[in-house]
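Consider the two complexes below, in which chain A is the common component and chain B and chain C are the respective partners.
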Partner chain A sequence: MVRNTTPGAKAAEAVLVILLALISFSSLFPIIHNLAISFSMPAKAMAGFVTVFPKGFTIESYKKLYEDSVFFSSFWVSVKRVVVTCAISFFISLLMSYPLSRSVREFKLRNVYMWLLVFSMMFNGGLIPFYLVVRQMHLMNNFWVLVLPMLVNVFNVILIVNYFRSIPKELDESAAMDGAGPWYKAFRIYMPLSMPVLATTTLFLIVTVWNEFMLGLIFINHESGIPLQTYMQQLVVRIDPTLMQSLEDVKRLASVSDKTLGAAKIFASMLPIMLVYPFLQRFFISGIMLGSVKE
Partner chain B sequence: MRRKWSEQIHFNLMLLPGMLLILIFTIWPMGGIVLAFKHFIPTKGIWHSPWTGWENYSFVFDTPVALRVFKNTVIIALMKIAFGFLIPIVFALMLHELRFQWFKRVVQTIVYLPHFLSWVLLAGILRDLFAVDGIINQMLHSLFGTEQIMFMGDNFWFRTIIVGSDIWKEFGFGTIIYLAALTGINPSLYEAADIDGATRMQKLKYVTLPGIATTIVLVGTLSLQNVLNAGFDQIFNLYNTLVYDSSDIIDTYVFRSGIEEGHYEIGTAIGLMKSAVSFVLIIFSYSLASRFANYRIF
Partner chain C sequence: MMKRMAGLIFVLLMVFVSACGNNGGNNTSNETTGNNTAASGNNAAATTDNAAATNDAAAETETVAPADPFGKYPELVEFTTIRPTMNNPKFPEGESYEDNVFNKFMEEKLNVKPKFVWMAPQDGDAYKKKLDLSIGGNDIPDVFQIVGKNITEVQATVKRLVEADMIEDLTSAYDKYASPAIKEAFASADNRGLDLYKIDGKLYGMPGQSALEGMNFVWVRDDWRKKLNLPEPKTLEDVEAIAKAFKDSDPAGKGTTVPLAMQMQTETDGLFGPGFIFDQFDAYPRLFYKDASGSVVYGGIQPQIKDSLKVIADLYKNGEIEKDFALKDTGQLQELLASGRAGIVGQAWWGVWYPLFMTLQNVPDADWKPYAIPAKNGKLNMGATNTSNTVLVVKKGFKYPELPIKWLNVYNANRDTEWWVKTSQDKYKDANEKATIWSGISIMRTDDIVNQAKDIVAAVNGEKDPATLPFKNNDAFTNIKKFIDELQSQPQAASKNLLQWQNTRSWYDAMGSAAKLESNVVYSAFDGTTPTMEKKLTALNELQMKAYHKIIMGKADADQEFDQFVSDWKAQGGDDILKEINEALSK
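Here is the complex of A and B:
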């Protein structure tokens, strides 16, 4: 490419860089601000001196967080939930994707299942019927209510199906010649070849499951069983000073108004996402594009 | 022939666990929509509760709330769709024009991040930022000497924050699809344009934009399906009684009337209406996308 180096072009380039830097900063500012508050002295944070850097650096809030047993029990519920959901979902999605990636000639009912899947993605009965069904199954206050509804992600299945279809047919045919059945082919041929897309869907599922708060909110009543996001939801968000009704509420507000502890909790809840983020970034761009590979 | 038959059975078996889950958690609840036309009596269950015809709907439409939540939903969703459509295109073009590759990567890494954080946590941060004694108010005060603004309790400001913070969270992620399309543009087109003496703006107009036109159409048509999705997670975690007039949407109303107050029929009735309209919108947007951008789901 011919480089344009007139003063005007250089100025335009500089403006562009500054603009992008400002936008990036504003993307990160709320998170940095929160981090700064969590490391500040409570009095200074309350007085509003903190912007980007902590004022009166202290790790006091994290020490307090360390003693908060409810935070850790819900953190643990969330970790357990993510691991269990992702592990089971990996196999269920893989098993669903293999038959669905066959042609109608090979698998007669393929399109029936496919349309059922797409229909389930496009239409739903709404929140209330779902709520009543789960209650009817006696899944209230059960750990599995946090897992089961999240196991099949139709979008992820379609992503895997499309990837499977991009794998040369000859591979499948020659394996069949050697006597491989569908299970063997799914696990020994398609699974190893599809690690990029399976990693993508798993990483996306980790984020989705970690961030999900609704199931815990409506189906779990006892404090020890709620996942972290539900705990955070009740703690940071749902307290509305204008709706204070009981002494209990006021007491809860008092503990929450410890701004630095709240900020520490928020940051600690983000940490797992930040930890998988580098891996996510490596995969999600290719992952999104994988969906567009079609016959 | 016998082998072929057993293969069919195995295919069905492989699909069984996933299909069972879909049946239980998606298809079965669809049966529950009959509740929209019944009077729910908990002891009798959904099936044996008496039918009431359209009574639930006439009840809903007799209250001013229905109009309010519908209006709020569409207004907020349309604003999000419009800005959420334009800003990623502009931002992707800005990144594309940038010559420093490492800087580009840093910017991308930063702006994608908010997409992956939950609204619960971001709402916690935003409530703090926009509080009456929050950092935004303090900055405004020291810069312009403005009085404290009650951002989270003011109908105009709150809706602005809803739309703005949604754009803030998602615009970076929205650029990915355009950046992928931009890398797909044949570099020789730019070289030819250079030889012909094209300026930067001319290259943008005649090479870059036509190169991503299909993607723009695709994203635009697919976004139409969200006309009734104003963003439950976000609003539910940010709103309060003071701003119901501007920001109470269908989903939050269904949650409050159904789950919190126990009016299951009302919640179901409104939810069904939303699902039905959304279904039509999805079909409409997919057919547009397949006609104009050659899009297929599978």
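Here is the complex of A and C:
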């Protein structure tokens, strides 16, 4: 690599480094702050004394978290949901993308299907019709209601389609000459070559599915079936003390408004994504196709 | 006027109901009822007697079952319902929301059994969202509770249900089956609670009612006050003097003391707001109430407001209120209070339970004490809106529309008994939401809390035999007695004996002193929403906040700014709102 060493370039580089440092600090700080709160004494946290380091260090909130059975059951629901959704979605997206990446000559209705997909990305039926559909299909209170609506992510499909189209035609043609049919091509040629984009879309999907809470909120009626983020959402929603009407309400508020326990839960719920991310990021390597075709 | 109308309607309904009740009977009975109804024009009271008599006669012939508010159903009645829940409740082994001692108790008493179609947490929006969807999908259970952020929201839902003909008219069920205690509780507030859920004179829901406990107290850091040798505040001037002393001596150190912690971002007199100052001047900035002439006025534009604002402006000028008070929200105020920098704050009687106890965890020497400051008229002024933001309704066509009413009869009659208190404190100790595992809505007399406090104080002072206290107050009594007799003279008494201190400060000091004063309750005259309110009230409230902020911060001449605000408020829709309210009330 050739480095530009003029003073102007050096200054620009310094500015860039500072800028990037600031940006990464602003992403890291909330996490560190949250971690510090989770290890602090509740009263200190409420008084706003905690910034980067815990005040009155205690692991009390993690002990309480350990006793919280719903946290773990919903954690398991979320993990199951992410694994199932991503596996099925990977397969379905691939099956959708391959035909859609063909030219109109090969697949006449391609543009029609494409428009339908884009249309569904921009418009939807609204919440109540959606609710009625789910009820009619007897999906209420069913694990699959958390999975099925998330399976087809049009945005991801479009990404994959575009990636397929960037794969040199010559590869496709030579495979066809060797006698490969569409199934063989899709799974043996296109899929391995598209690992970077598939990893990216899977990562997108993991994060989306992990963070999605509305479906669990609306369609799951028992606590043992809700996903983690639905459970978390209920904790993080701010309770408005002005709505307190009686001493009972107030005592209740005092017992649930545990900022440190909330912080511990948030941190614990972030962990899986934080662990998965670096491993998948490995796939963001371009140049996989370097050397496959010489033009 | 309203009261008399309601009374008349009530009597007419009684006649109507008893007449209807007898229609199913034999011919002779039908004839007597007809005669009675004819007589009703002459003397309503006599008719009621007669109606009661025919009812008795009907009961003898067994054509109509007598309406017993606590009557047990002959066969087990299962009904579907839904309920708001708490996060992560810890039930005793083998029990759940569906299967617990409270539901068994109800089954024993009434032979009824709830089946929960779904449950959702009450905090946040989950319950309401799900309910809206159920209503939208026409998929409602037999009996359910509607909740909302405020009355308007609940009323709107009820109205929607009535218009869609989805819920049952409960008027006659209420008249026949509501227990005397419940009727009396609603009557203690002139049936305001019920009126909120009447549409065209028909009652569509059973609302809850809480006691009046929203008096504003001045909470003072008593350790600071004692250190500075200041007398206990008895008037507003005393409070101002204490604020000034806190400013001058800076007890928190390094100039961080906030003599008077106050929040006034979007609410004129909300939590941590300057409500106690407005009370001093008989001013109620967000209340539509009836003035001496009987017509409805808006509290926010009355001249007393100007006097109150001038007092706050003085405090602001002296630096006793934070410069950015207008930007602080409730969360920031909690932070300020927990940090131990605040000297005085206006809050309700339960302030020590939340969030003032946090100060003690950070500053072990601290002590908060509430003071009820009577106004110039010697009374404790208090503006009261109806706070019943929940209501129980019945699905149209449900066979037992009186069931929820009977449920509430039993619920409210047993909620404070020894059985209940013991069960919830022993067996359900860890269910962190004791009070709410048992589904129900409490309906209290308006003076309930004050009366409880009176009895507790009398018992602690030895003027009353503690054994006569209701069981639920025993805890408070023992804790207070201990704190007053033994603990309070010890160093760091408050932070080392949090529970005793909290009970003492709330029941004994706050409510106890309020009970000693005569109170002057100014009720809101109108709790609903008019068309202009829907369109313009938000903007008007903003206008009001802006004007108040300007006056307090001394950015404009108080008199001129206030007059300008009053005429703006009237011109921008306020007058229309008042007209609509007066029209609605004269109907």
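A few notes on this one:
What we mean here is this: the second predicted complex is superposed on the first by the 223 of 295 C-alpha atoms of A that agree within 3 Å, B and C clash if a C-alpha of one lies under 4 Å from a C-alpha of the other, contacts with A are read in each partner's own complex, and residues count from 1 in each chain.
Keep in mind that, in the parts below, a contact is a pair of C-beta atoms (placed from the backbone, for glycine too) under 8 Å apart; a residue touches a chain by one contact, two chains touch by 3 or more.
What you are looking at is a predicted structure, and each value in this text was computed from that prediction instead of being measured.
Judged by the touch definition given at the top, the superposed model places A:Gln233 against both chain B and chain C.
Once the two complexes are overlaid on the shared chain, A:Pro192 sits clear of chain B and of chain C alike.
Set against each other, chain B and chain C touch different numbers of residues in chain A, with B touching more. Of the two partner chains placed by superposition, chain B and chain C are both touched by A:Leu132. Contact with chain C, but none with chain B, is seen for A:Ala43 once the two complexes are overlaid on the shared chain.
Once the two complexes are overlaid on the shared chain, A:Val118 sits against chain B while remaining clear of chain C.
Judged by the touch definition given at the top, the superposed model places A:Asn221 against chain C, while chain B stays out of reach.
When the shared chain is aligned, chain C comes close enough to touch A:Asp68, but chain B does not. Touch criterion not met for A:Gly179: it reaches neither chain B nor chain C. Common to the chain B and chain C interfaces on chain A are residues 48, 127-128, 131-132, 218, 233, 237, 240, 242-243.
The part of chain B that touches chain A in the complex is made up of residues 7-8, 10-12, 14-15, 17-19, 21-22, 24-33, 35, 45-46, 91, 94-95, 97-100, 103, 106-107, 109-114, 116-129, 133-135, 138, 168, 172, 176-177, 179-180, 187, 190-191, 194, 200, 233, 237-238, 240-242, 251, 254-255, 258-259, 264, 267-268, 270-272, 274-275, 278-279, 282-283, 296-298. Residues of chain C that touch chain A in their complex: 85-88, 117-121, 123-126, 129-130, 133, 136-137, 139, 149, 210-211, 213, 267, 270-271, 330-331, 334-335, 338-340, 348, 350, 353-355, 357-358, 361-362, 387, 389, 432-433, 435, 506. Taken together, the chain A residues at the contact with chain B in this complex read 1-2, 4, 9, 12-13, 16-17, 19-21, 23-24, 26-28, 30-31, 33-34, 37, 48, 50-51, 92-93, 95-96, 98-100, 102, 106-109, 113-114, 116-118, 120, 122-134, 136-137, 148-149, 151-152, 154, 157-158, 161-162, 181-183, 186, 207, 210-211, 213-214, 218, 229, 232-233, 236-237, 240, 242-243, 259, 262-263, 266, 269-270, 273, 277, 280-281, 284-285, 288-289, 294. Against chain C, the residues of chain A that register as touching in their complex are 41-44, 46-49, 68-71, 127-128, 131-132, 135, 217-218, 221-223, 233-235, 237-248, 250-257.
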